[in-house]
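Following are the structures in question.
Below, chain A partners chain B and then partners chain C, in two separate complexes.
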Partner chain A sequence: MKKVYAKEELCLNCHLCEVFCKTAHSLSKDVIKANKYEQPAPAARVKVYGDNKLSVAVNCRHCEEPKCVKACITGAMTKDKKTGIVSVNEEKCIGCMTCLAVCPFGCIQTGKFAVKCDLCRGEDEPACVKNCPNRALVYTDLGGAEV
Partner chain B sequence: MKYIIIGASAAGLACAEQIRKEDAAGSITVMTGEHYLPYSRPTISYYLKGALKPSDMYLRKPSYYAANGIEILTDTPAREINRENKTVKAGRKSYAYDKLCICTGSKPFIPPMKHVEGKANAYTFLDFAGAKILKQKATPNTKAVIIGAGLIGMKAAEGLSKICQSVDVVELAPRILPSILDEASAKKVQKYIEEKGHIHFHLGDTVKEAKSKDKRITSLILNSGKELPCDMLVLAVGVRPETQLAEQAGIETDRGILTDPATMRTSDSDIYAAGDCTVSVDMLDGSKKILALYPNAVYQGTAAGSQMAGGNILVSGTYAVNAIDFYGLRICTCGLINAQGPQYTDKTAQHGDRYKRLIFENNRLVGFVLINAGENAGIYTSLIENRTDLAEIQTDIFDTPSLFMFEKAQRQKRLKGESV
Partner chain C sequence: MAIDYIPRSFTIVRDKERCIDCGCCVRQCSNECHYFADDGKTVLADSQNCVACHRCVDLCPTHALRIEKYICDYRENANWTAQYQQEICRQADSGGTLLSAMGNPKPYPIYWDKILLNASQVTNPSIDPLREPMEIRTILGRKPERMTVEEKGKSTIKMPPQVVLETPIMFSAMSFGSISLNAQKSLAMAAKNLGTLFNTGEGGLHPDLEAYTDHAIVQVASGRFGVHKEYLNRSRYVEIKIGQGAKPGIGGHLPGEKVNVEVSNARMIPVGSDAISPAPHHDIYSIEDLRQLIWSIKQATDNTKPVCVKIAAVHNVAAIVSGCARAGADIIAIDGFRGGTGAAPTRIRDNVGIPIELALAAADQRLREEGIRSHVSLVAAGSFRCSADIVKAIALGADACYCASAPLIAMGCHMCRTCNTGKCNWGIATQRPELTKRLNPDIMHQRVENLITAWNHEIKEIMGGMGINSIDSLRGNRLMLRGIGLSEKELQILGIKHAGE
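Let's turn to the complex of A and B:
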């Protein structure tokens, strides 16, 4: 499946991926409103770690055998058989964060519900990749080894 | 191939799904004494407090089972396993199996208390049916008393506190949530819950006897001499593995059903067991214990299902991991929380309402307690599971964990999504 891969040697620590992830997952879909005014504030599902010397944007690996899906106590976290996307059903999620406690990559954020990357649900290119100014994020089905 | 699974909760469902993944043709029958299709047991407290609709408690859509060739027999409690004929008796029928998995879960443990047994207003809180009764009976004027401040008791207390004005919790241990919290963190959590939930705790105390009228409990006398008015008693002292069927069939048990810890096979080579009914071997200290936790049940059920279908998935690592919230306070724990011995050390960092306690065995992380400080906790969990030497860690272990904890090659591996 197509996944987002991060290249730390190209990351500028600019956090624009977070800004546009928030926008894509906001009600208004407006970059200013989403990042400054909207309440409840939309959450970024990609997160930049590190500093200006070395940084990288981390988001869900959409694992083949996702630990978060196995550990989910409500059946809210599922991996789509066709697309391979791992996502949360917010109606069923109780926000217990067992998924977060088992994700070895640190890709789930705390919120009222588990907050995580949904690959912008079928968009041609996820918002983080589209708006990365230095192509430090790549969207490909070649696998991580080829990036 | 005919597969039968007894029990339709976390382990039973995981087992059925794994069998189907590896054997497209075999017949899979899951029998449960409950009236409902597989639902999430831990969500009964969310149902009680009104945070979840009953229809959102089900683990899969009703149409899922037929589509995947998994037959679920509800209202069908298994009564007997006949190992010679390889049949399971349930209701009036007998079902033949080639491979069987016992996923009977837990039963409530009810300590002897004078004049409590058989009273109309004494309840347990373990399944959907039990939760429905509590929800139906509880009113704002109900004086609810819960015995037991473990995970189940505290979740019952939280749920009832949203309905009833008076909720008391009696616990024999000197602290709440003794299985997941140490003394210092338990005190903090207790204070928070007292303020948010107006729950009254009676710790280091227990019920000596009940006073009742017309078969209904009216008050409870505690060991300390206190008397608590009571018109709803919830017994949540603890759970024990449900092993009756296995024992009657002569399968080896010792508190729980004994299995090979990797394959989940019991002393009968065609019978497997998974979930709360089994004895687990904690990979972190090699001790045998009952790990009645959801992820553990799923991992075991998956391995059992694979082995039954001739596959090769094993239980990889068994340890406690738990995440739970009370009135918005998030508690995440893993590993050996109450480790005793000279090889263990621990360190605590506190900041406002954040609390982080890490437990070490020499140069390895073996446990954590995180209160409102659970960011990326799964990275800590992976350090525990992989027995990572902390000398390899690039950042302060008390910093929010991130992939920068690992040196470049390890970090790259994770960024590429290779399994770790």
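Let's turn to the complex of A and C:
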């Protein structure tokens, strides 16, 4: 499946992926409203770790056998068999954050519910990839080694 | 705090209605102008160190930032301008020579803007480059004086080494050290794809550029950094740098801060040491000495590479060019006083040398008069801002042009003219790893290629309008040029008529 891969040697630590992820997952889809005014504030599904010297944007790996899906006590976390996308059903999620505890990549963000990357369902390219100014994020099905 | 008597140059204006405090500007500014307030959330700015590089402006996701000129009036004085007063204060503070970067910014006449091009009407047809072939392939190198053929019509001439370019535009010398490897790699990739050449400058050849050696001009400058036999042979042609338009009469200076392990390996100098090139080549004190060096390089390369001599445009340029041609140079590059640099003493950059337009016209004329024009190819350098400048240079007699500032601007340079500080926010004129990674060669080589491809189209369009279908017919074709608002003397030196004549 197509996944987002991060190239840390090109990451600028600008955090624009976070800004545009929030925007893409907001109601208004407007960068200023989404990041400044909208309530409840949309959460970023991607998170940049590190500093200017070395940084990397971490987002969900959509694992083959996701630990978060296995650990979810309400069945809110599922992996779509067709697309391979791991996503949270917010109606079922009770915010217990077991998924956060078991995710080996730290890709679940906290909130009222578990918040995680959904690859901007249906979009040709996720918002983080589209808006990365240095092509440090790549959306491909070639696998991480090919990036 | 010591007072430096110098007001800041710019003001960073933040539109608070638009700012989302994402902190992108904080993390991107290497001059540390933006910072977080004590709450760790609100973004503030201190404009004192702003150089107007526009990194923050261009990356701000909400377009909340604007850079304004900081206006702090001095009592009006046409002689003691604010700039001179500030420079005096700067020197009173440091006791040092003033350093500047990029080309001469003073309002000297720009002759390109005073030359107009011709087009065909009625008496000869113009050509549509989209429907008919249009040749801009350029061949550099010494040309034989005459053609001799054997009985069956085969040439008996042994052709000296030639360089075939698919465009008359090459990239001028920018060393690894003065610019980042990523920047050099972008130019090398673009040169390869465009069928033209990039120039290593005096900094040696980085091993990562091995794949591009067929498109490399390698430079031999007075410091001889990184010069060895393999270096000379891993090139398309070799350039002896006598002078540079931005700083005629003095050698290059790469500050020690920019000399990291990679640069030190390429240049063969210790890490952290200043790379100071001597003002002259200490083995060239005359034209005869130059002849010896050219001969040595030709020996070292088995006579397979043309040798270029690059000089700065100075007062006696025509005679110097003639001397270089007679010393055995195959290509002569003339660099006008608006040519760029990574670091030059301000006074020299702003006051020494002459414009490329006049130097080129004078040199071409002199070589023709002496009947040795075909011995050399002339390459013009020193600030070509658009394709029309290139067309005018070729009509004035240039075979090809060196461009550097324009491709740098295509890669993000905003002409903030602080290359010498090594803090380039665009990852171009710096060696700091956290800044050089900002320049992704995969993106930037494409942008440079786009620029040159666009210029190629425009050159063809202009040539078509003139009714010329080959760049060879444009070369030295000064009838295609007319001066506007120029004096008799200027027209005479440029060898062109006034508009209306």
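Keep in mind that, in the parts below, the second predicted complex is superposed on the first by the 147 of 147 C-alpha atoms of A that agree within 3 Å, B and C clash if a C-alpha of one lies under 4 Å from a C-alpha of the other, contacts with A are read in each partner's own complex, and residues count from 1 in each chain.
The rule is short, and it goes like this: contacts are C-beta pairs under 8 Å (C-beta built on N, C-alpha and C of every residue); 3 or more make two chains touch, one makes a residue touch a chain.
Fair warning: this is a prediction, and the values are worked out from it, not measured in the lab.
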Fit-or-clash call for chain B and chain C when the two complexes are aligned on chain A: fit
Chain A: partner with more touched residues, chain B or chain C: B
First, second, both or neither for A:Asp80, with chain B first and chain C second: neither
Which superposed partner A:Cys14 touches (first chain B, second chain C, both, neither): second
First, second, both or neither for A:Glu90, with chain B first and chain C second: neither
Which superposed partner A:Val56 touches (first chain B, second chain C, both, neither): first
Chain B versus chain C - smallest C-alpha distance in the overlay, whole Å: 16
Chain C-contacting residues of chain A that also contact chain B: none
Contact footprint of chain A on chain B as seen in their complex: 10, 14, 40, 42-43, 46, 51-53, 56-60, 294-295, 298-299, 302, 321-325, 330, 332, 334, 374-379, 381-382, 385, 401-404, 411-412, 414-420
Touching residues on chain C, where the partner in the complex is chain A: 18, 20, 22-24, 27-28, 59, 61-62, 433-434, 437-438, 440, 442-443
Residue ranges of chain A in contact with chain B within the complex: 3, 5-6, 8, 49-50, 54, 56, 58, 61-65, 67, 70-71, 73-75, 91-92, 94-98, 100-106, 108-110, 143-145, 147
List of chain A residues in touch with chain C within their complex: 9-16, 18-20, 31-32, 35-36, 52-53, 131, 133-136
